[in-house]
Amino acid sequence: MTFTPIVRDILSRYESDNPGTKANLARILAHGRLGGTGKMIILPVDQGFEHGPARSFAVNPDAYDPHYHYQLAIDAGLNAYAAPLGALEAGADTFAGQVPTILKVNSSNSWASGINQAVTGGVEDALRLGCAAIGFTIYPGADDVFDMMEEIREMSAEAKSVGIPTVIWSYPRGGKLSKEGELALDVGAYAAHMAALLGAHVIKVKLPSDHIAQKDAAKAYEGFDSSTQAMRVAHVVKSCFNGRRIVVFSGGASKDVDAVYQDARDIRDGGGNGSIIGRNTFQRPRHEALAMLDKLVRIYKGEE
Amino acid sequence: MTFTPIVRDILSRYESDNPGTKANLARILAHGRLGGTGKMIILPVDQGFEHGPARSFAVNPDAYDPHYHYQLAIDAGLNAYAAPLGALEAGADTFAGQVPTILKVNSSNSWASGINQAVTGGVEDALRLGCAAIGFTIYPGADDVFDMMEEIREMSAEAKSVGIPTVIWSYPRGGKLSKEGELALDVGAYAAHMAALLGAHVIKVKLPSDHIAQKDAAKAYEGFDSSTQAMRVAHVVKSCFNGRRIVVFSGGASKDVDAVYQDARDIRDGGGNGSIIGRNTFQRPRHEALAMLDKLVRIYKGEE
Amino acid sequence: MTFTPIVRDILSRYESDNPGTKANLARILAHGRLGGTGKMIILPVDQGFEHGPARSFAVNPDAYDPHYHYQLAIDAGLNAYAAPLGALEAGADTFAGQVPTILKVNSSNSWASGINQAVTGGVEDALRLGCAAIGFTIYPGADDVFDMMEEIREMSAEAKSVGIPTVIWSYPRGGKLSKEGELALDVGAYAAHMAALLGAHVIKVKLPSDHIAQKDAAKAYEGFDSSTQAMRVAHVVKSCFNGRRIVVFSGGASKDVDAVYQDARDIRDGGGNGSIIGRNTFQRPRHEALAMLDKLVRIYKGEE
Amino acid sequence: MTFTPIVRDILSRYESDNPGTKANLARILAHGRLGGTGKMIILPVDQGFEHGPARSFAVNPDAYDPHYHYQLAIDAGLNAYAAPLGALEAGADTFAGQVPTILKVNSSNSWASGINQAVTGGVEDALRLGCAAIGFTIYPGADDVFDMMEEIREMSAEAKSVGIPTVIWSYPRGGKLSKEGELALDVGAYAAHMAALLGAHVIKVKLPSDHIAQKDAAKAYEGFDSSTQAMRVAHVVKSCFNGRRIVVFSGGASKDVDAVYQDARDIRDGGGNGSIIGRNTFQRPRHEALAMLDKLVRIYKGEE
Amino acid sequence: MTFTPIVRDILSRYESDNPGTKANLARILAHGRLGGTGKMIILPVDQGFEHGPARSFAVNPDAYDPHYHYQLAIDAGLNAYAAPLGALEAGADTFAGQVPTILKVNSSNSWASGINQAVTGGVEDALRLGCAAIGFTIYPGADDVFDMMEEIREMSAEAKSVGIPTVIWSYPRGGKLSKEGELALDVGAYAAHMAALLGAHVIKVKLPSDHIAQKDAAKAYEGFDSSTQAMRVAHVVKSCFNGRRIVVFSGGASKDVDAVYQDARDIRDGGGNGSIIGRNTFQRPRHEALAMLDKLVRIYKGEE
């Protein structure tokens, strides 16, 4: 593995964790083409749960096969691959040791009546599958968010005791939040902060807009310059214990590659740690996805 | 450590507790500049959960860093520092043994749809992080208060068995209570009494107003002189088993320092055990906060 | 201890219980000035939870101190003292072994939005505090009564396995019951019977009125003479397995001492086992309370 | 119950115990004719295990019936009755609550090939049988003593958590100890001290002789006056944390009543807490045993 | 508490431990007159178990009382007090929070037939008594040493998970070791190293002689200058992970104070962390012991 001052520095901020948990974080930070840079690109494939197989994979039918995603993450030199239980089980033996995996331990689906997710994996699954981390989604703002927080509290405590770090997907949704509010800067920063307070090692949020949604927060943002996306990224990172936690940003729905590249540059320039990028990869033909990921890697390396 | 007759006397009132629990209470009572006086000032930083990072820290951006609060509590010579899981994890190693910490094990947030909190930490976390106590909020009056009481009952029983005392934040809210009623004297005394009955070692309530909110209680207060804040503090303390439990008062929203000082004098003169004071410290520049805390310490020592 | 044929006879009716549970029942039956008579007076102090401290104790401020109640029960020669967790913890060491205690393991409060109680103590607490029994309230008629029944079922099963008997406070309330109906004879007898069926060792109900509230039950009471309170007590006792279970009656709000004495004579003459009497004791000056309790003891002994 | 300054003082020395454990100790200290004096007489009947039924009971055949011993302890006004599991089970219901019982949780027998005992009861048995304590024998000096110590360590920790005190029978035997050495003063004091260090609440040893058996200890006893039995008792009591633990002495094989009386006077005068006296009671006719126990009670009361 | 660069530096070497374990180590390092110096003096009182009460305490009879030792450690300003279960229980409430305590969880005695110890305390005891560490003896060389190692492995793993550090007394004894060999330099260094390898936080060994006992080791020591005691201390410290673990040395049997002082100077000059000194303190009159400890403190502070 590639150890560099920046990786050591990042690990040193997880000062309460045991060496096992740090070693698994280190596996992710040191793996792939971004190994050692403190930056990371993670391939998440939970779209099948969220949107169903056809909406997720019909555009690139090879992606119906879980091996496709393992191989894509490996070939693109990504830091980690994240997926729900069944998808990891389907390739964990073939690809054992070839790429760090993150077991997404809760999932929702298109037909869910409430804003919540089902717990669909556990820490013991992560151990038997050799995963480097578990991943969990919370929906701050939702009626059920306290239940979700209590679920990850218990799982995270168990995971920490056996050396498994936790990635929290913190997506504001439901309750009093408007659709526009879900992406607002103040809301995104708050959601990221809650994930940090819950003890997450890696925090995943959406790239925020320039909007301020909470009336009570408006005053705190008076005179705050959030005109560029990089500035907004920097604010979210600051909200995660002044940069003491790894923060990665999701790419959202598939879009134009140039927009994807610009997002990455902004994440980089704002001090974010990287991208979790799913649909924008596996919903493109493999060679296009690889080309795009190659460019993203180079952006995060500061080469583009 | 500083052991004095008053500390011994306070500890002796916790007559059912094992020596481990008393030793942790003693750690808080003996620490800092108020060590040995029976008075205490605790720095709580759960505003990030409650109000979000920008509303909490933008006014004093150094406070985005969890280390800032540990250091502030140490430099000001406070008795303890209280915060949620992630915030303690971010500094527990650096500051191990330097200041007693209280793990706030439940938390709410600005978007919560119900009047409740999520359990976000546990007794085993308190042990691995070396905490001197756990802290838990109940909302007497809220629809969910029975659930909250049952949560702390279980956690407190576990905590007592391993030598960890419990601090209960008892904040009347919801249900039939009006906004004015939440701060009423009869309501505050009742809330404090419920915390005592739940087996709390330290009870935290708000400074009550001179209002009596419950019609049924009006008669009991006939002829009762509650015209000064010190008298009201004394009534709350009496409501906590005639002073057998430590009672501390919260400062509320940030305000004029002179009001903060007057509150402390009233708490002292009414026989309260001290202040839990958060926003009024970390939302000021550090030198101002230290000056204010220095004066508060001197007030509690009876020097001002 | 004082063992008499009547105590042996009462114990023999608990034929499924292990000797530990019987020994604790025996402790209550053999203790105090009524020890050995088969009658009992229990001091319950959960008014602080139910009505708040000022409404409970302001009229006799010494009663703010939990030690006051222990000492009152001891000095009056009562059979047992019942209170919630925190109140027992505050005196359990000082008074260890001096009076049987009953841990009230659930409690409500004046602001509760539903007709239910929070579980605020457990069997393990009863063991570590040396209690002779646990006490639990059910509200037959309330929407949540099944939850309450299921809670006491679990706690009572655990308690029986470790030798701790159960006292059930059975108070009809809520649902289709009118205020008048709550005190009706048929309703009280039914509530007492449900407590017996739940496996209670001691059943506590209110003294019933001469009213019959359930239309469906009217026919069953045709020609039944319930004109005196003693007759109604006898009916409630008969409803508790033909007298195979200990039944005690609560005194209700504070009232004229002569009314209290008459109640006791009626309970005695109707074959009830005694009184649970709280506000009528601790809301009087101590010397008056002791005088009243002395007379009650003599009434139950058949001396007055 | 009879509470006296001496009982309070004794209980206060068990400063790490929960109120449940103290309440059970108090039950023993407050029960019977010696209740409240700080002295105690305990009837132990484990001779059936140790020597077989005929050697134990043929001389007084009524004693084959476990009820005989319960009744003897009750009629003689003793503080407690100690026996193995089956013997307590055979009478625990009939005598529930009439006399504190001590469950002897390990036992040996005449045919044992090693110097050890079998664990034949548990803490959960003590709870279901309503026992006030558990009793355990260690054989300091024996090859297996470490196993025995580890057994009582685990049982005692469990017992303390549920409010059950521990009585340790500490009988030097085996290994390098000679028969004479087993009864030597230095050996007995050491054995008693080991029981105290193991966390026993009540320590039972044999009355020591004036012999000093350990060569290494001879110097420590130079000039030490141990010429009277009372002096030797005082030394053993001092060896149990300077008198902070209850120490009772066993009567040994049956002997002349005057010798039994003299032993009791010496125990009393040396500051011991009383006698555990088995064969000398149940191997005499009941009326003789009662007469003898009556005189012993009066001796401990200082009346003879 | 006193935090200094040297304390921070020592704590930083325990890099795999959770903050709770470090906080307890910090409590010991920061307490008393040597607080903050990186040096420590610990008072161990397990002689009662090892040698019996008279050999331990007859020379200074006040020392029969467990409170004596607590008070001595406090008054002398020592870093910690170590004792078996019963002795700590006898004072843990009175002295709660006044001095860090170490629960010695195994013990031997003079009559033991094998070279082993009994486990006489547990981690749960350490928590309920508020101890800062557990202590355990191994006898490298003894037939049973593997059993002892396996016992401490399990207890230490449990202790580390709840924030309790481990002190290992490593005393070569038995098997092929001669009496002279037990104190040999190579043997002592080897025993200390084994304790370090077992995961001890603090290692306690005897001051080694200049003898080399193992034929196989002779070559490794060729040309090694071990002519002064300070050199030998330095070699033992180096054998404990090059000084990454705290090493303290025992004083052995009581001896001339000048020899005790010289030992301390040699420990200090050789880079050892301090003394565990039992018989040399409590077997002297209290004022002499305090004078001696005062001088030892000054030696470790470099003032003498």
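First chain written, first letter: the chains are A, B, C, D and E, and each begins at residue 1.
Criterion: a contact is a pair of C-beta atoms (placed from the backbone, for glycine too) under 8 Å apart; a residue touches a chain by one contact, two chains touch by 3 or more.
None of the values given here were measured: they were computed from a predicted structure.
Asker: Which other chains touch chain B while also touching chain D?
Answerer: For chain B paired with chain D, the chains in contact with each are C, E, in label order.
Asker: Which chain pair is joined by more contacting C-beta pairs, D-E or A-E?
Answerer: D-E
Asker: Test of understanding: which option in B-E, A-E or B-D shares over half of the contact pairs of C-D, residue numbers taken as the match?
Answerer: When the contact pairs of C-D are compared with those in B-E, A-E or B-D, B-E matches.
Asker: On a CA-centroid basis, which chain has its centre farthest from chain B's?
Answerer: D
Asker: Hey, how far is the Cα centre of chain B from the one of chain C, in Å?
Answerer: So the centre of chain B lies 36 Å away from the centre of chain C.
Asker: How big is the gap, in whole Å, between where the Cα atoms of chain A centre and where those of chain D centre?
Answerer: Roughly 66 Å separates the two chain centres.
Asker: Two or more other chains in contact with one residue: find those residues in chain A.
Answerer: 15-16
Asker: Viewed as a graph of touching chains, is the assembly arranged as a line, ring, star, complete set, or other?
Answerer: Basically it's none of the tidy shapes, so other.
Asker: Chain pairs in touch?
Answerer: The list of touching pairs comes to A-B, A-E, B-C, B-D, B-E, C-D, D-E.
Asker: In the complex of these two chains, what residues of chain D are touching chain B?
Answerer: Residues of chain D touching chain B: 15-16, 18-19, 161.
Asker: What residues on chain C touch chain D, complex-wise?
Answerer: Residues 1, 3, 11, 18-27, 29-31, 92-93, 96-98, 124, 127-131, 161-163.
Asker: What residues of chain B sit close enough to touch chain A in their complex?
Answerer: 48-49, 51-55, 58-59, 61, 64-66, 84-94, 107, 109-114, 116-122, 124-125, 128-129
Asker: Help me check something: in the complex, which residues belonging to chain A touch chain B?
Answerer: By the definition above, chain A touches chain B via 13-17, 140-143, 145-147, 149-150, 153-154, 157, 172, 175-177, 186, 189-190, 193-194, 196-200, 214, 216-217, 219-221, 224, 235, 238-239, 241-242, 244-245.
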